[in-house]
Each structure stands twice: as C-alpha cells, then as structure tokens.
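Chain lettering (A, B, C, D and E) follows the sequence in which the chains are written, and residue indices restart at 1 in each chain.
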Amino acid sequence: MTNSEKNRLKDKAFQVFGIFCTFIGLVVLAIFLVDIVIEGVRRIDWDFLTSLPSRRAARAGILTAWTGTLWILVLSALIAFPLGIAAGVYLEEYAKKTKLADFLEINIANLAGVPSIIYGLLGLELFVRFMYLGPVLLVGALTLSLLILPIVIVTTREAIKAVPRTIRDGSFALGASKWQTVWHQVLPASFGGILTGVILALSRAVGEAAPLIVIGALAYVPFVPKSPMDEFTVLPIQIFNWTSRPQAAFLTNAAAAIIILLLITFLLNGIAVYLRNRQQKKIKW
Amino acid sequence: MTKRQHKLEAINLDAYYGDFHALKNINIAMEEKAVTAFIGPSGCGKSTFLRTLNRMNDYIDGFRVQGQILLDNRDIYASNVRVDELRKEVGMVFQKPNPFPKTIFENVVYGLKIQGIKDKKLLRETCEKSLRQTALWDEVKDKLDKSALALSGGQQQRLCIARALAISPSVILMDEPTSALDPISTAKIEDLIHELKQYYTIIIVTHNMQQAGRVSDHTAFFYMGELVEYSKTKTMFTSPKNERTQNYITGRFG
Amino acid sequence: MTKRQHKLEAINLDAYYGDFHALKNINIAMEEKAVTAFIGPSGCGKSTFLRTLNRMNDYIDGFRVQGQILLDNRDIYASNVRVDELRKEVGMVFQKPNPFPKTIFENVVYGLKIQGIKDKKLLRETCEKSLRQTALWDEVKDKLDKSALALSGGQQQRLCIARALAISPSVILMDEPTSALDPISTAKIEDLIHELKQYYTIIIVTHNMQQAGRVSDHTAFFYMGELVEYSKTKTMFTSPKNERTQNYITGRFG
Amino acid sequence: MRVQERIIEGLLWLSAAITVLITISIIWVLLSESVQFFSEVSIVRFLTEKEWTPLFAEKKFGILPLVAGTFLTTAIAIAVALPIGLTIAIYLNEYAHARFKTIIKPLLEVLATIPTVVYGFFALTVVTPFLQSFIPGLAGFNALSAGIVMGVMIIPMISSLSEDAISAVPRSLREAAYGMGSTRLQTAFGVMVPAASSGILVSVILAISRAVGETMIVAIAAGQQPRLTLNPLVPIETITTYIVQVSMGDVPHGSLEYRTIFAAGMTLFVFTFLLNNLSFWIKKKYQEKYD
Amino acid sequence: SCGGNNQEGGNDISGSISIDGSSTVYPVTEAVAEEYRAEAPDVKVTVGVSGTGGGMKKFSRGEIDIVNASRSINESEAATAKENGISYVQLSVAYDGLTVVVHPSNDWAKDITVAELKKMWEPEAQGTITRWNQIRPEWPDKEIHLYGAGVESGTYDYFTEAIVGKSHSSRGDYTASEDDNVLVQGVSTDPLALGFFGYAYYEENKSKLKAIPVDNGAGPVLPSLETVKDGSYAPLSRALFLYVSSKAVARPEVVDFINYYLENAGELAQEVGYIALPDNVYNEQKQKFEQFATGAATANQQ
C-alpha cells in the first residue's frame, strides 16, 4: 500500500515538474518578446521603415535592410522552390530503393545538418571568388537557396508521402503514366504541404546572418538594391551591426528592427501553419 | 466470342517481394463474363495475385514475377505490352473507396482525359453512362461538380467502379470492395456485381466467405501463397476437397 | 464465493468520445469463471466497452462514461477507486501481442516490480508459475533473459497472457487476442482460455464468430454502440432472437 | 509519350543529383583550401598546439582553444536543453491533454523559428546583465549566457523530436503498461523512454550538432578571444565565431589567413558530419524495431 | 572625360563608389557619405569595414575606389598597387588619439606608462602576463582581460609600432576585432578589461568607459582635442587618411565625392569625435587631389 502511495506521489511530483519545464521555455520567450517590444516598439514609425542607414541612431532606418530581405526572399524562393520540389518528387516517386537512393537520402539528411556558416564558406569560394560575382544579392540568394534546399526537399517528400497509396493506385489503374499520376494527382494533393514546407524554409532563410556575413555582405549600403547584381544588406545583418554598437540608441534600433524581423518570420510561419491546417481540414483521406 | 471461354489465365506463376516468395506456382484459368472470388486468410497472397493481373505491382521495388499471365491468350508480361493499354483493358477497384480529391465528374472522366480525350460531349456522355451503370446517376446528377469526397463511403465505392467502367475495360478486378462499407452499401455493390457480370469478367477478393458464396461463380482458396483449391463456388462451400479449405471455411482460423 | 455469480455488471452504461456516442445504454451482467464473448461488426463498440471494464480509456481525451460498472458489486468509476489497483484486479490482453522490449523474465514480472516487489525468489517463482499456466515454460525456460521480441507471434501473445496472470487478477479482458496469429497459435490460445476459465473470469472480443462459438459460454452481440442481444452462446448461434444478429451471424454483412 | 516521360524523369533526376553536387562542392571547397593550409601548417601542430593566433606575427595554429570554446557553449546549451526538453516531451506525451499538446507544441516551436541574431541580442543585452547582477566576475562577453540562450533555442528541437520518438512507440506498449497498473511516471520511464531511447538519442545528437554549428549567438555574446579554458565566465571564441570574425575583416584570397577559416570550417564540418551520420545510423538501425 | 567640369554641383551625377578599410576612419567617411546623399542621391556609396590592412589589399588589387586608412600605405601594398597599374593619392582628413580605456569601475589603473603597455602587449606576454598585479605590483591580483584592434587594422599596426616597437608584433590572446564597437562593448561590460581604440569611439561612449592617461616620460597625459593637436599626447597621436585610386578618379562621381569630402571633413570629423585639421591643410589636400585627378586623366587618355 505504501509503495503504491509513494508511486502516486512521485507521479504527481513529476507532473508538477513537467508543467514547470513546459512553461519555462514559454516564459523565457514571453520575457524576451516583451523586453524587445518595450525596447523597440516606440522606435518604429514610417521614417524608420523608409530611411536609409545613418550614423545617427535617431535618423537611421531599415529601408535597405527590409528591401534586401524581400529580394532575398523572392530570389531564394525562385531558386529553391522548383529545384527542391523536383528533387523531392524524384526521390519519392521515381527513385528505386537502391543503394543510390539510400545514398541520396543520407546525403540530403547530411546537408540539412551542415551548419549555415559552412554554406557561407561555399558561397564565398564558389560565387564570390571563383565566379567573381562579388557580395551581391544574387550570391546571397544562391547561398541561402543551397542552405534551404534540403529542407524543401525533405518537406516535399513528406507532403508527397502523405498522399495515400490508394490515390496513386487509382490513377495507375485507369492507365495513367507515372508523370500523369504525379502531375494530376500527387502534386495537387500535396501542394499545400509542399508550400508549407517552402515557406518554413524561407522563414529560415530570412533569419540567417552568418552565411551572408561570410560572403561579405556586411557593409554600409545606403541605397535600395535595384537588381540582383546590387550589393545589399538584410535585416539580420543590420541587427547584428546595431547590436555590436555600444550606444543605447542603436540597441533600441536593433530592438525595433528585431520586431520587424520577427513580424516577418512569424507571418511566414503563420501562413505555413494556416496552410497546413487548411490542408488537413480540406482533405481527409 | 462465345461466353465461358478463358479470359485470363495464370500459368506456373511465381511472385516475389525481394526474397519473399509471395505466390507459389499458381495455375488458374478464369472464365469470361463470370465472377471469380479469391478467398483465404490475411497475407495469403490474394491481393498480390489480383494485382499481378493488371501489373499494378510493377512500381513496387523488388517485386518480380515468373511464369505467365495470359489475357485473351496474350502474355501481359511480354515486353511489347504497354502497361497503360493493359490497364485500360483491366480495370480495378480497391478495398477502401479511393476517389480523387476532385469533382465527381472529374473522377469519372479521369481515365479518358489522360488518354487525351477532350471532347466535352463525349466526356459528359461517358460520365452519365458509367454513373447509370453503377446506379449512381440519380443520386449524384445534380452535384457532378461537387467534390467526390463529400459522398458517402458506399457512393464513393460505386463512383470508383463507375470510374473504372468509363474507360470500357473487359475485366474488372476488385480487392475487398465492400469491406469498408455498411451492410446496405454492401448489398448495393453485390447487386451491382450481379448486373455487371453480363458485360465484364469480374474477379473479386473477399474475406467474407458468405459474400463469396453469394456473388461468385467460381472460388479460389489461397493459403500461404499457394492456390489450395479452385472450383465452382457451390462445390467449394458444400464439399471442399482440401482439409485446409474446410478448416478455413468453417472458421477454424482466419 | 460460489461460482456463477455476477462478477462484472454494467448498468445503464453510456460512453462518449467527445460528441460521439459510442456506447448506448448498455446493461449486461457477466458471470464469474466463465468466458463471455463480444461480437459485432467493426466499429460497433466492442473494444470501447471492453476497455471501460478496466478504465483503460481514462487517458483518452474527451472520453467519458455515464452509468455504472460494478466489479464484485463495487462501482469501478467511484471516486475512491484507484485505477492502478483496479487494473491489478482486471488484467488485459490486446489484439497485437505487445511484449515490452525487455527480457522475457522482465516482461512477466513487470507488474510485480512496479508494485515495488524486489524479492528475487518470489519474482522467479511467480514467473515460472505464470509461464507454466500459459504452457510457455518449456518453450522459453532456457532463454528467460533473452529479448521477448525474439519470440514468435503466438508465443508473444501467450507471454502477454502470462504477464497479465503474474499479478493474479480475477478478471482477464482479451481484445481479439488471436486475430494477428496463425491457426496453430490460435488453437493454442483457445485451449489456454479453456484452461484458464477454471480460475478467472474471461471476457473476449472476437470478430471470428466460430471462435466465439468454440470458446465462450455467453455471447453478446453489439451493433452501432448498442447491445443487441446477449445470451448463452449456443442459443445465440442456433436461434438468435434479433434479425440483425441473424444477419450478422449468417454473414449478410461485416 | 514515352520520350516525354523519360525527359521529365531525367530532369527530376538532375534536380536530385544537384544535392550530391552541393555536397561535393562543400567538401571540395573545404578540402582544397585546407590541403593548402596543411601543406604549410602540419596537422600535428594544428591538433596539438594550445594557442590559436594565426593572424598575428607570432603565429600559433592550435585549433584546441576554438574547439574548447565550441565545446563549452555546446555543453552548457545541452545541459539546459536536455533535461527541460526531455521532461517536456514526457509530460506532453503522458500527462498533458491532447488539446493542450496541440497548442503547446507549436508554441514551443516558435522558439526554434526565431532568428539567431535575435537570440544573440537577447543574450548580450538581457541575460548577461541579469547574470552579472549575481555573478560578479562575469565578463560582458562570456560562454555562459551564450550557452544558456542557445539551450533555450534548442529546447524545442529536443522536446519535439523526443516527443515524436515517444509517440512513435506503439500505443499497445503504453496500454500494456497501464494494463498492468503502472502509474504514468512508471509507464514513461519504465517503458516509453527505454523504447524510444534511440529516437531520443537522435534528438540529442542533432541538438549537439546544431549547437556546434550555431554562429550568431556566440558571435554576438560569447566573445572573440581564443582561449583554452572551460571557465564559462570569460570571453572565449568558437570555431564559428572565428570564421565570422575573419570574414568581417577582409582577408585576401589565397593567403594563409584566408585558409585558416577553411581549416576551421573543415574541423566544424567534420564534427557535424560525424554527429549527423551517427544520428542517421542510429535512426536507421533502430527505427524498424516497431512498424 | 575629366572631372573638372563637374565640380560646381552635379546633382544629377549618378554611379557608384566603393570604399573600404579602416574602422577608425569609418565614422568620418560614413558621415560624409550620409551627408553626400542629400547632395547626389543617385550615387551609391558603399562603405565596408575591413581594417586598413584589409582595405589596402583590396585597393591595391583594384577592387575598390577609395580606401580609408589609419596609417600610411606600406611597401608591400604599394608594390602590389604598382603591379596592378594603380597609382594613388594620399589625403589627410583628421587627427586621432589612440585611447587606452578600462571599465569605469576600475579604481586602480589611474595612469599607465608606455613601458607598462609594452609589457602587457608584447608577444612574450602571451600566456604569461595574465593578471593586473604582474604589471604594477600595487594593482590587484585579478585576471586582466585585453581588448584591442584586429590585425588587419591600421590601429593595430600603429599601436604595436608605437608601443611594442615593432609593427605587427603583439600577443595574440586578447579579444581582437576590426569592429571597434565590439571592443567598446567588451570593455564597457567587463570590470577587468583594458583596451585601446580610436578616440572617436571613446568620445562617443564616454559614460561607459574610463580613459587612462598615458605616461611617455613627461607625466601622464589624457587624449583630448588639445593634447592630440599639440602633440603632447604621445606616442599615440596620429593622422587619418584617404587613398584614392587613379582608376577611380576617371569617374566624375568619385571626383565629386572627394571634393565634397574635403570640404566637409573638418566639421564632420569633429562631430564624430575626431580632431579636425587646420583649414589650410584641407585646402592643401584639395589642391593635391586636383593635381592628381588631372594627372591621372592625362595618364588615362594616353
């Protein structure tokens, strides 16, 4: 009897500890967001969004940074989206379960685990040095595309995997070819999931600073980039730059820029979650 | 073409999933415009055999067959056979209704569309004809452009049959077509099978022996990859020759 | 305690998964040291009911019961009942053999260990006794410290029964205990049930009507959450009172 | 028709093959520069010297201080994230209501979506001053607050992956445990955690690999001073920070200094590569235990 | 064409100018570039911070137009420039006093001699001089945390030259950054810190830092406008420069920018915390540049 009571007590104790642990992360998150909002929100106004960088914290804005982020977002999507989906489709629908497919799978898992800064080194050597492109938007986008490609591939595969076998069987049984089945059934049915994955990947790209620093994108860029061959800066780099300044006014700027960056990240994630939920509601297999 | 000839025939058929020997030396000949039922305990190879009949297992890695399957006396595994053509000849219906997540109309005409047929009128006519054949027309004619997923399970299954009929096959394979359905839908599908066997050769896998008794002309009993017994359904259920058949039919296992 | 008294009794029992009404006003009394079988088509609530008998559904979100379940005339849903004590009284065996990924020995004595029993000798004795009861002792006595996952499916299932017996319950619930097994293992388990009913009250869910006929004293037929018919097994199979029972038993559906 | 199918398949194949090309490029880039580096600096020096001052007149090429810095921040991060993450995983699986779980899990995952510069900012401007209020000797740049914040960042990684691993344990096992009268705690630690141990291990390894490669948090908050120490209170430098530091100044292509970042990158790559493959191997080996 | 005709205004000038190099000069150039935006909005001026050394390397390879420098070009850099067919002009833009700083709570380091600085920064100090009391016995027995300019910087070259006696020679176990902000950040949050960087960075963060007077034999002297200007803050006073490449002056926007720079450098240098040169010196610089520009133009035409 005592044993059984002791067991129940331990059980309760762990429950309390579990609640504590679950909330500690969220509490930290909350403190953190509140802190940043208090610090930065008053700094955000139209001028802040439309001003170029300045040596005076009060006059400095994030126009270059957010336009750069937007450019990077679009360019990376254009590069990683088709490539990632095509690779995902190949691996899920076409590749035979051979050694080669195993190798591809391990390889992609590995790429997904390569630290982002290594992609920076790759971009530096390949695009900046070898191809002589310089630290321009296109190079940043290429570097980040390579970085998020594995994520896009993996999520594409999961989305495709979620399409039930029976749908493919149904299509094949009516005489459809492999590509017809993929095109008419698999892709439409998994599109929501794929899009979700791509957006999540992009939200990762939007937050990256390290690889861009390595390719040399840390500079005073007081103009809005007009083409992929322009030099650029992005929000995380602007934040990094301001964070490393000791003056309080720049830290306020950094906090304000962080709010914008978080809004973009959360927005992207929100869209992804929304799409995922809608997808789950819409199609019940 | 006279009735009661052999539409489909397996000769010394072996099938493997990788190293696993799933079908062992199957010899069987199925009659035209009749219903043949496959029965047997779970995992005995019924579905595997059924799916070799329209080469549905082609895309499974490591799957291979030895021996022959003759459709109208032509080996369907011969190298000059185009799988898509074969599948137009041999339609298939699955255990779980699997309508595409598209409209009812799109479901029925899918097979035609991927053949490149674009003629609106023809598509509409075929759609109506197939839905009438499956006694679904009256139930869905007002919502052809609604999602097929909104139909009930029984309706979905009949839609899948209609979809198969739309490309005018001569053989229809059915893998436990009623096992996910309620009694009333089951009865409807069974009636439908009765209707359809005038025009089509039907092969049905079922785990419900009473169903096999009700709908089929011939029954094949599989056990562990072997075809244990194949005979007229009546004979099989009244006087099985093999002890394992007997045990299975009387519910000693399964 | 005389035999043939009511061991377990459900009174006006309703059960819900969220809004879904899974069991509707069930009234049934199960006899001690006898085998009661629950039959019915898939989804009719057999498992749900079985699992209310040892409150296994407690952890399912949104699941709730109304009405009473009496074990030896005490309501098991009363607030002073401790679930872990209840489960020691009412053991359970599942559809798929589910040994823990531990040694055979550890599996059998798991229930004792979590009660805090550490006495090596006692553990060993109970282990042997339980394994003997399930006729498994001779097959595994030399590999008690080997992983239970290495056993065959049938052995695993008997191990799970042994594991349940080791904590000396008075009731054993079995949810389709043979549906994943081969004919020979099935026969062994059925024999075992015959043996065990001398000492235990056994309640078994099965989708195999012949099995119900072979092993049970009483049979309950569920349909769509209702208890349609409950009577002596022989009576049920020879002269069912209800038309739905009749239809089910003769395989009109399911 | 046939030809078209072939062409499409070819294109798809090409896309998949690009991933191999990326790997090859990474290895080639790192190797070609590192090989030149090691032709000037012996591997023995690289691995055994205790100081890292490749940019100074008195050049020392011992990677150990950077490895120590990386190890220190990673260890602190894991010490924070593992107990919390694992407890969360168990709590969500065995105790929490399903509804609660569906709300909490994505909320926790928010932690992982926050850009790491933001964490760096947080470590430098909030956590360090907070810690300094009761650890007097704490320098403004230090491994401690960077490690703690990194730990917070990877909590969801461990909790989510472990939670997945635990919920992948067949329900039947949990039911068996409950059926024997186990409490939730006994079920969790006696049955679920052991059964999911390979998945949990994988989550921890991946978290380590993530922490090892993490850059911005340490670059902002941990300092830039290569120092062979396990003292978490002083400025240190990680491998990643070194690469960032050098990239920020211009190091001319082709110089020995330029190559040091590739040698450092190679070291980092080898670490994470080994960790990733280890996790992959464990997953492959043990995943099929349950179907 | 030559730059001469565009001198008078040139609001419609467009193009891009890339500048890189010294972090010490950066604040001045940044300020000029920012103000210049109002003058010529279509000229894209990017300013990087690679340190004088880093900037010089890019400059001598012809990758950038202008380099910020906190020291004069050295021989090897000049040689590379010559190899690449680049000639250049050196323009002085301001004075700086390299400032030695500690944490404001540091109540022991009231002054420091050049010898003591040498003792703690010379290469031999690495790993051995690690505590305050090793430098001056009455200072506390506590760890010393050093922060200083990165090796690519002119500040580093200048400091090592002036203190250790040999350019580019120092210990390596300190927090080295090309970004002086990081150094300010580090010293201002580390009670055991000692660091050095350009005067502007001290000036801007006075409240968080404490400058220590440097004793060069003539008693401790703090850096300030006067002591830098009159040379009494020795040996850490120095001039800051721009180098403009001969290839770049062919472009009107570069010429326009440099003229604007020299016009406003005095005021802006003061604003960001440096010491302006006398007006006549700025005029000399202008003439020097004009000569160079015309010279380069003829050279280019040939």
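In this text, a contact is a pair of C-beta atoms (placed from the backbone, for glycine too) under 8 Å apart; a residue touches a chain by one contact, two chains touch by 3 or more.
In this text the structure is predicted, and so the values were computed from the model without any measurement.
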>> Considering only chains that satisfy the touch condition with subunit B, which of them also satisfy it with subunit E?
In response: A
> Taking a step as a move to a touching chain, how many steps at least join subunit A to subunit B?
Replying inline: 1
> Among the chains, which one keeps its Cα centre farthest from the Cα centre of subunit A?
Replying inline: C
>> For the interfaces D-E and A-E, which has the higher count of C-beta pairs in contact?
In response: D-E
>> On a CA-centroid basis, which chain has its centre farthest from subunit B's?
In response: E
> Using CA atom averages as chain centres, what separation in Å is found between subunit A and subunit C?
Replying inline: 50
> Which whole number of Å gives the spacing of the CA centres of subunit B and subunit C?
Replying inline: 37
> If you average the Cα atoms of subunit A and of subunit D to get two centres, how far apart are those centres in Å?
Replying inline: 17
> Which positions in subunit D touch two or more other chains at once?
Replying inline: 124, 183, 186, 248, 250
> Of all residues in subunit C, which are in touch with two or more distinct other chains?
Replying inline: 84-85, 114-115
> In subunit E, what residues contact two or more other chains?
Replying inline: 20, 48-49, 179, 182, 185, 188
> All pairs of touching chains?
Replying inline: A-B, A-C, A-D, A-E, B-C, C-D, D-E
> So in the complex, which bits of subunit D are touching subunit E?
Replying inline: 51-53, 55-58, 60, 124, 128-129, 132, 136-137, 139-141, 223-227, 234-235, 245, 248-252
> Considering the complex alone, what residue numbers of subunit A touch subunit C?
Replying inline: 3-4, 6-8
> Which positions of subunit C touch subunit B when the two form their complex?
Replying inline: 41, 182-183, 186-187, 208-211, 213, 247, 250-254
> Given the complex with subunit D, which residues does subunit C contribute to the contact?
Replying inline: 54, 56, 59, 61-62, 83-88, 91-92, 94-96, 98-102, 110-111, 114-115, 149, 160, 163-164, 167
>> Which residues of subunit A touch subunit E once you look at their complex with the stated criterion?
In response: 52-55, 218-223, 230-231, 244-247
